[in-house]
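Shared between the two complexes below is chain A, which has chain B as its partner in the first and chain C in the second.
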Partner chain A sequence: MASNAAVPFWRAAGMTYITYSNICANLVRNCLKEPYKTEALAREKVHFSISKWTDGKPEKPNDV
Partner chain B sequence: MLRRASGLLARPILAARARPFSTDLPAAQTADATFLEAWKKVIPNMDPPKTPLSFMQPRPPTPSSIPSKLTVNFVLPYASELATKEVDMVIVPATTGQMGVLPGHVATIAELKPGVLSVHEGNEVTKYFISSGFAFIHANSFADVIAVEAVPLDRIDASLVQKGLAEFTQKLSSATTDLEKAEAQIGIDVHSALNSALTG
Partner chain C sequence: MAMAALRREGRRFAPLISPRPITAFRSSPLAPTREAEGPIGVRYISTQVVRNRMKSVKNIQKITKAMKMVAASKLRAIQTKAENSRGLWQPFTALLGDTPSVDVKKNVIVTVSSDKGLCGGINSTSVKISKALHKLNSGPENETKYVILGEKAKAQLVRDSKKDIELIITELQKNPLSYTQVSVLADDILKNVEFDALRIVFNKFHSVVSFLPTVSTVLSPEIVEREAEAGGKLGDLDSYEIEGGETKGEILQNLTEFQFSCVMFNSVLENACSEQGARMSAMDSSSRNAGDMLDRLTLTYNRTRQASITTELIEIISGASALEG
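Here is the complex of A and B:
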């Protein structure tokens, strides 16, 4: 009796389901026709800024 | 608050089963009676607070005879494509192959691979290409399909698909680490699924 069921190839390579799913979604979005492609890519854009904290105070954040 | 135990009563008794499955739970959740009484004793003039469960619609019970239509909820992270739409059949691209779901289908959870979801209603068929996701089919002939990205087939650009397929085939042959190979393999799978969706 196999204790590990056949794992999907991406799981065996160390990738999680979420990463796999997001890669698939990005690939599909990149194959869309023009107005839909720009809409889809704009919709999925994420804005975030990172700031390192030292001595309880944030330094100047880097905007992304 | 209505109290409906019809889900429990409709369940047939099988000899081997000791505990109820989660699909056989009663359809409606009831408000907590002890809490309500305690509230009314202390604060009789105010309405008791509503819990999140009271805002939700109770799950429709499993009917005793197979219903004629399947109710489909097809949702994406940014939109709900189909919301409680009554259809005759849906074909979902499960990892185990194309799975046709008819009303009265056994309760199933299926992981989806990149492929085509087709919704059959009367004579019309609507097809979407799904990037990946899950399909939950409940015993009461409700199907929830969730996907990260789903597009109608006519929004796919064939030339981009061919280019992507060629690019990832080339990446697979030049990949070194396991992770790169996996990514290239994913690219090939997705693009060949897109290809067969366009041609098939």
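Here is the complex of A and C:
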């Protein structure tokens, strides 16, 4: 079943729904007042190290 | 003086001549001794060695007790988060169902494990279940790939399933776990891996002593369509009204992405809870074992000490009676 309607702008730009909702959440967080704003922004730091494997060989890991 | 010299000489001939326990010349009963020989065949372990062992076992007991306290406090913090996150995926299961028995071509198994060790057997059970799933789902036209979260599963799966690994993700818990972190992770997985069905293997936290390995299945939108035509729970999807001018396929795509992200969030949190709980019980049993070991060592130590005091007394008394008579 192909979709007949036009895809939303963010999907046409290559984002997934998750990326879209994260960006929206960040926008809402930026609307907070101090001091809650710095607390919220500090809470949402992201870190992990991902490494893609092909044919049983790891490639160099990149940190996010 | 002569007695002392004789005694020292006597020690060298001890196994041949005297049946009495002969020990090296000492100034006090508690001074360090080397291994002593008793009546032929009996060996006393020296007190110094036993004392060193007791000191190290006591230190280990203190360390494991401290680790248990730390794990307990971390567990309390993360347990509330995990229980709150359960509300995120329950509506999805009510809507789309959880169908582990779905038969698809491209399976991806996401194994959630911990980065640190000393947490009992939870990582091995997760890996065992992942391998079983892999075997179950490999057929002539099916392929199964792994996405690994955490160092412990990586170490185990790299050994024999190297060619089936797609992604490895580590250092997840550097910052306290939050939805943002897990959703970025889920996004990376979605972008890098083609899948028809994602099976997430994690340890569900039921209580401090019980963690059961569970599998959650998330289907891709095309498969959801296929299953919807087959009827069942997914077939009821058509009875829902869709607002907003989007098509059903569009909504399904958004829903599955969001479902994956929510299910991942819950599974990572539950696994973290199980890890802390397992670490608590592992450290607790280790402290208990250390305590038992300490009791046994104390008994050995006292026995040795008393035996050496007794032999000192015997020597003195026999020396004194030899002088008199």
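One rule holds in what follows: the second predicted complex is superposed on the first by the 43 of 64 C-alpha atoms of A that agree within 3 Å, B and C clash if a C-alpha of one lies under 4 Å from a C-alpha of the other, contacts with A are read in each partner's own complex, and residues count from 1 in each chain.
Following the convention adopted for this analysis, a contact is a pair of C-beta atoms (placed from the backbone, for glycine too) under 8 Å apart; a residue touches a chain by one contact, two chains touch by 3 or more.
Keep in mind the model is a prediction, meaning the values are calculated, not measured.
By the document's definition of touching, of the two partners only chain B reaches A:31; chain C does not.
Looking at the shared chain after the overlay, A:22 reaches both chain B and chain C. When the shared chain is aligned, chain C comes close enough to touch A:45, but chain B does not. By the touch criterion defined above, A:13 reaches chain B but does not reach chain C. In the superposition on chain A, A:53 makes contact with chain C only, while chain B stays out of contact range.
Across the superposed pair, chain B and chain C both touch chain A at residues 8, 21-22, 25, 43. The touching residues of chain C, when paired with chain A in their complex, are 162-163, 165-172, 174-176, 178, 180-181, 183-188, 190-192, 225, 245-250, 253-254, 257-258, 261. The touching residues of chain B, when paired with chain A in their complex, are 78, 95, 114, 129, 131-133, 148-149, 151, 155-157, 160-161, 164, 178-179, 181-183, 185-187, 190-191, 194. Against chain C, in their complex, chain A makes its touches with residues 1-5, 7-8, 16-19, 21-22, 25, 43-53, 55-56, 58, 61, 63-64. Those residues of chain A lying in contact with chain B across their complex are 8-10, 12-15, 20-25, 27-34, 36-37, 40, 43.
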